[in-house]
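Order of writing sets the chain letters: A, B, C and D. Residues in each chain are counted from 1.
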Amino acid sequence: MDDRLVALRRDLHRRPEPAWREFYTTARIVAELDSLGIEDLQLHVGPDALAGDHRLGVPEEAELAPWYERAREYDVDDEVLDALAGGYTGSVAVLDRGEGPTVGLRVDIDALPREEADDPEHVPAAEGFRSEHEGTMHACGHDAHATIGVGVLRRIAESDFEGTLKVFFQPAEEVVGGGKPMAESEHVADVDYLLALHVGLDHPTGEVVAGIGGFLAVSHLRATFHGESAHAGGRPEEGRNAIQALATAVQNCYAIPRHSDGATRINVGVVEGGVAPNIVAEEATLVAEVRGETTDLMEYMDERVRRTLRTAAEMHDCEVEIETGAEAPSATSDAELAGIVADVAGEVDGIETVLDRDDLGGSEDATYLMRAVQENGGRACYVGVGTDHPGGHHTATFDVDEATIGHGVAVLSGAIERIAAERP
Amino acid sequence: MDDRLVALRRDLHRRPEPAWREFYTTARIVAELDSLGIEDLQLHVGPDALAGDHRLGVPEEAELAPWYERAREYDVDDEVLDALAGGYTGSVAVLDRGEGPTVGLRVDIDALPREEADDPEHVPAAEGFRSEHEGTMHACGHDAHATIGVGVLRRIAESDFEGTLKVFFQPAEEVVGGGKPMAESEHVADVDYLLALHVGLDHPTGEVVAGIGGFLAVSHLRATFHGESAHAGGRPEEGRNAIQALATAVQNCYAIPRHSDGATRINVGVVEGGVAPNIVAEEATLVAEVRGETTDLMEYMDERVRRTLRTAAEMHDCEVEIETGAEAPSATSDAELAGIVADVAGEVDGIETVLDRDDLGGSEDATYLMRAVQENGGRACYVGVGTDHPGGHHTATFDVDEATIGHGVAVLSGAIERIAAERP
Amino acid sequence: MDDRLVALRRDLHRRPEPAWREFYTTARIVAELDSLGIEDLQLHVGPDALAGDHRLGVPEEAELAPWYERAREYDVDDEVLDALAGGYTGSVAVLDRGEGPTVGLRVDIDALPREEADDPEHVPAAEGFRSEHEGTMHACGHDAHATIGVGVLRRIAESDFEGTLKVFFQPAEEVVGGGKPMAESEHVADVDYLLALHVGLDHPTGEVVAGIGGFLAVSHLRATFHGESAHAGGRPEEGRNAIQALATAVQNCYAIPRHSDGATRINVGVVEGGVAPNIVAEEATLVAEVRGETTDLMEYMDERVRRTLRTAAEMHDCEVEIETGAEAPSATSDAELAGIVADVAGEVDGIETVLDRDDLGGSEDATYLMRAVQENGGRACYVGVGTDHPGGHHTATFDVDEATIGHGVAVLSGAIERIAAERP
Amino acid sequence: MDDRLVALRRDLHRRPEPAWREFYTTARIVAELDSLGIEDLQLHVGPDALAGDHRLGVPEEAELAPWYERAREYDVDDEVLDALAGGYTGSVAVLDRGEGPTVGLRVDIDALPREEADDPEHVPAAEGFRSEHEGTMHACGHDAHATIGVGVLRRIAESDFEGTLKVFFQPAEEVVGGGKPMAESEHVADVDYLLALHVGLDHPTGEVVAGIGGFLAVSHLRATFHGESAHAGGRPEEGRNAIQALATAVQNCYAIPRHSDGATRINVGVVEGGVAPNIVAEEATLVAEVRGETTDLMEYMDERVRRTLRTAAEMHDCEVEIETGAEAPSATSDAELAGIVADVAGEVDGIETVLDRDDLGGSEDATYLMRAVQENGGRACYVGVGTDHPGGHHTATFDVDEATIGHGVAVLSGAIERIAAERP
């Protein structure tokens, strides 16, 4: 079994696709599930898998097209690809095994827009499964997440599990864009227990965190400064310099005061502007995110960033247009559910340390699904599965210790069986 | 004749090409010259036209390729295109008419990387010759310059001119990249008198500036900040933020003190960096230029910019790599030559005002050719031919009053004949 | 009793003195204690009260002098003033009542360098005890702290307490300067139990926090940028502008990345530089502080601030000289001791709510004394006594509800008696 | 004669007084003039010397008082001091010698708020006439100007001059504050020819510039940012940080784009704000000046500075209050008058080089008087008298070669006699 899962993970790693462009990824997961020969497995893809109107941060058709066309060139099922057209990526797999609770497992599947390391110490480079899509990389372990989702589904299908299992292969986590439309879909409405997972997070192989909390609320925005171009040598005073506005904004966004109520974050992750050294730039764009330990703290940062952008524009006689991007709330893991995970994990081969809880200190749109289930009276738990990762998350040398795949499958399928048995 | 020149100008305008990518432009000029049927015209293209090793700012092959391929698709002479491969654009046309001085005329031919206006008040849009190359535009009038070069050559070919005329169709003026290799070529070595021209410069149709001076010395650079990426929510402190370094650098570059010895300029014209809002940017790039009324003043700015870049990088724990770009010196027009131009211009139909001199207040790599000729004991003069232009140079609504083409041809060919006759 | 304490508090409020200049304040406290007629009370003042070499942030003699001279003009004991000369302010009062534990109570006595509100809604203004020392104000409640210290001493002197009580009237808390020399004095060495207190902290009258923790470690610094002056109109390029260096430093200090390990703080609280608008500034100074939830986090900030200062200076061709100021570590309240305080507080008239613990989120050099006692095997607890305060701490409208004085005396003297009785 | 003038200059140097505080200086000049025993000399001091309502930048009484009191302690005429009370410094001396033109000579008399060098290479330090007023210095040579004014008056009094000579001993040039009220006084209304002078300006001893032009128009302002204080550790988010607003403003003021029409200047010469490192600053002030080669250019800078101040305040949720300070226009020297000066200077012993003209590149409120005379149909000329000065103007090591005093007296009195004789 493990060989097959490792092969799947490496194949996904080799062909990473960023948010809403997981065309090959989705089709490959569906093909893998089909190949398992589980007769009663129902698969939802495309507009059936999520509430399309709630998708956030879907790129324009022109950006989707090359990814879609490339996926066509790979060896995948054309009908599945047809269903994904227009950025309807992701899938929901349902296994209805009669009376019993409905348990959901959410795994995310998208990659990041960054270059992958190419030196011999980086295992994917050394062993030939480094990204073939230059500038895109599975630098956060979602290739392992998707693989664990498949593994859990197979294990449960072969078990005595009574109830319904739904595995949510969620797209677009990295842009905080896929959690909301999945949470709003009909598939989540009847879930009694939801599990989600993440590998790594600075926990080594052999360590499990039963219930992760401390999710930071997050919000993205894109600001475009509009000024006026001028010849930089001949008429500098006639320019309204969008790059100066941007630089002032960046400096002052990072300088927003810390807050005594808890953690806040600010990052201007992308800047772009201007056309030539001898032209005063008439347009410049930045993409930023703010986070907070609570939604209030996130909104404190958001409001300050917007004021900074507006006044920086005005200072340099520019206008600024702000597009609101994706958002995700904060959430917590239910202690009872975490207790079950901890118990199960303690019995899994290779797991040496089980921590009851830890704070993520980051953001995740799994919180949309967790909150949806909790608001319906259900319970949710976010599980950390340790893995030795050489570089940090989101860096060029991030990698997953593949032993983690087996650990994840064992802990999560064990927990699902125990939940069905105990209905806590 | 004028209809034909206007058609040429509009065709060049419709298919603008930026520096070192003037493949269609060069081939089109050569075709036009060929069609004139001047039997004793010698045409130099490709490596024969300029000193290839001195070319500055030539883009990488990957950037040249799409332009080259597109030119292939147009109706041009394949042999000419073959010669231009690798960014050897531009051409030198030589007309040897026996004993007499060697007179050079330098015209530049490249376009700018900017969007062209698309509203009905913009003549090229209204009359159907707006740029077909989205994002590139003849926003400085070089389409008219090239056309005037062709017109002058025809007029002189038909005249009693005795001596040698060389018309330099120079590429890559906008990146200050083509002047130096043309100045270093063998074609300039024996030039006794050099004329160059520019249309517009805030002078209206009917006005001529006989001798322009006050060229600002200029230098370009590209700085790339290298930091380290990190998850912006989970480990902000582990990032070494290249975008913060860039923003600090931009702000402080513009704040370099003014100089009491004369005019200085600074512009950060392009910025780009980062990959996603949730990743601390590990790389960010800016492209900037500095200018000075003298070379010393330009170097004052250049030195300060470099210190600012270096310390801004260090402040944010980044490294910075600085690539020196193109440079051009300052220069002056010789008064005797300007006197001849002024005399001739005063007799041209449609020219109502002739100014002896004016300052450019900008930069131009024609100065390389002017200096080369002057250092050899020759004389040089840079002529302004007024044109009503709705928008400023380098802006989206720049356009040329086509009456200017006739004025330019008349003034310059008149001056060339007079020079040959008088040998001042 | 309360009338007398209120009168004392108002008198201290009317004559606030900043760090190391508490000449009148100390003498007035000593006079009040003397007037109580407690025969076995020992009073230590001047060099006897603290380890003089460890004093931090003592101003120069020229700054001390006017405060010292003014104190002379008030009606106080000249001998006490003699002992305080040179900034040896503060006092330790010792009551030895035989066998039993040594219990310390630390109260701070200094005021802040800020203007006090002068409108009728501000009680001290309305009732005639607003600061007579313009520009200095008891804006943090240390007038109440000192008063409570006196009140506790009197109450214990009249009780059956067995053991030794030491009340530390500590100077210079606001500059984090007096805690260390008191902690290093011989008086702390034999303390078994230490209590400290603060009024307010956003807790209303009637609320007590038994054990406050979450003290931020703090460090102060002063940076002086040295450049070179020049005539701003005639030779701007010859200046090396210390004000530009300072502005760059300020912007970038606030922009130091947040840290995922916990709370950090940065504040540039004072700037000063330059002499005239037409002179490029040759000198500019800033005073800043950094804080961290742990000492490591404080040091992270400190290191970044120093790099920012150094590179900002270099960017503008200046030098920077950094003087390290005061520091204080973090600390925690012992739970057993907090338990006693909570029990006692629950029985005090007027106390309606008792919280077990809360985080300060600020800094305090009481932590030096707390750590000293804890490292000797003793226990320490920092108690919050709520008070309705109209404006925030350190603002012009801060004031204390005087009912708090009675609450503070009751809770702390009750706790001291209980400690002596129970020896937890 | 020269010994006496040198003694006067050194005495003025030893007791420098800044703008509007030239109490001793004025009284000392008056005493020197009295001692010359010129019977028909009329002296105007106090409100008689200038149009008091037009005075700019007069400090508050509290700042004037210590200077006024100190002047009282020196050996000067009490009646003169009485007339100067309230900052009515400066004097006008009139010598009416019958029929003939009215010739004015304007000299300025104030010092700068800066420390003077104290090393043996600095002549005033070595020879015992270094400033006794610590923090104030004659760093621009006005001590020599005033002395030359006295010398010229004596020389003309002893000559055959026919006409009226008025010497304007103008206060407050350094704050651009005294030129306007002198220009608006009745004394200027009938002046036919005005001379003004400056020593040094990078011209060595023995060089004279007959007619200086290129005065930059100048305008001063003071901006006070009002925010809200908060405890920097406990409630950083509640602060509205005036120092952050100031830093953003400073950075962006220096970054105002250069102008293609000519020279501009910006300087933030003074900053001050905040009270303590642990308090978010609620108030911060800057003093700045802008200049332009023309009044339009100065106004371009002024408008941009104001927008920058306003938006920087808003960015940090502060308010800003802007007080407009002094202003001075640009002006030019009349060529005929400069011609006379040049002729005379060429005959003066010790003058080796005479330049027709030069640009100041700085500002001067002599331009108010020059314009007033020119607008009345008179003529004006600003004369440069070279002096070897070790340090630049406004720096700690500036000093005057005392040979310059004789040169100045000879050139200017010679020119005044020639003007009266020739009436150009």
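Definition applied: a contact is a pair of C-beta atoms (placed from the backbone, for glycine too) under 8 Å apart; a residue touches a chain by one contact, two chains touch by 3 or more.
Quick caveat, the model's predicted, so the values are computed rather than measured.
**Student:** Touching both chain A and chain B, which chains are there?
**Tutor:** C, D
**Student:** Is the C-beta contact count larger for A-D or for C-D?
**Tutor:** Spelling it out, more C-beta pairs touch across C-D than across the other pair.
**Student:** Based on the averaged CA atom positions, which chain is farthest from chain C?
**Tutor:** Greatest centre separation from chain C goes to chain B.
**Student:** As a quick test, compute the distance in whole Å between the mean CA positions of chain C and chain D.
**Tutor:** Roughly 48 Å separates the two chain centres.
**Student:** What whole-Å value do you get for the distance between chain A and chain D if each is reduced to the mean of its CA atoms?
**Tutor:** The computed centroid separation for chain A versus chain D comes out at 67 Å.
**Student:** For chain A, what residues touch not just one other chain but two or more?
**Tutor:** 234-236, 244, 248, 251-252, 254-255, 257-258, 260, 265, 280, 361
**Student:** Residues of chain A touching chain C in their complex?
**Tutor:** 251-252, 254-255, 257-258, 260, 263-266, 361
**Student:** In their complex, what parts of chain C are in touch with chain B?
**Tutor:** Those residues of chain C that touch chain B are 234-237, 239, 241, 244, 248, 251-252, 255, 257-261, 280, 300, 307-308, 311-312, 314-317.
**Student:** What part of chain D is in contact with chain C in the complex they form?
**Tutor:** Residues 112-114, 174-175, 201, 216, 218, 220, 228-236, 238, 243-244, 246-248, 250-251, 254, 265, 267-281, 284, 287-289, 291, 325, 360-363, 392-396 of chain D touch chain C in their complex.
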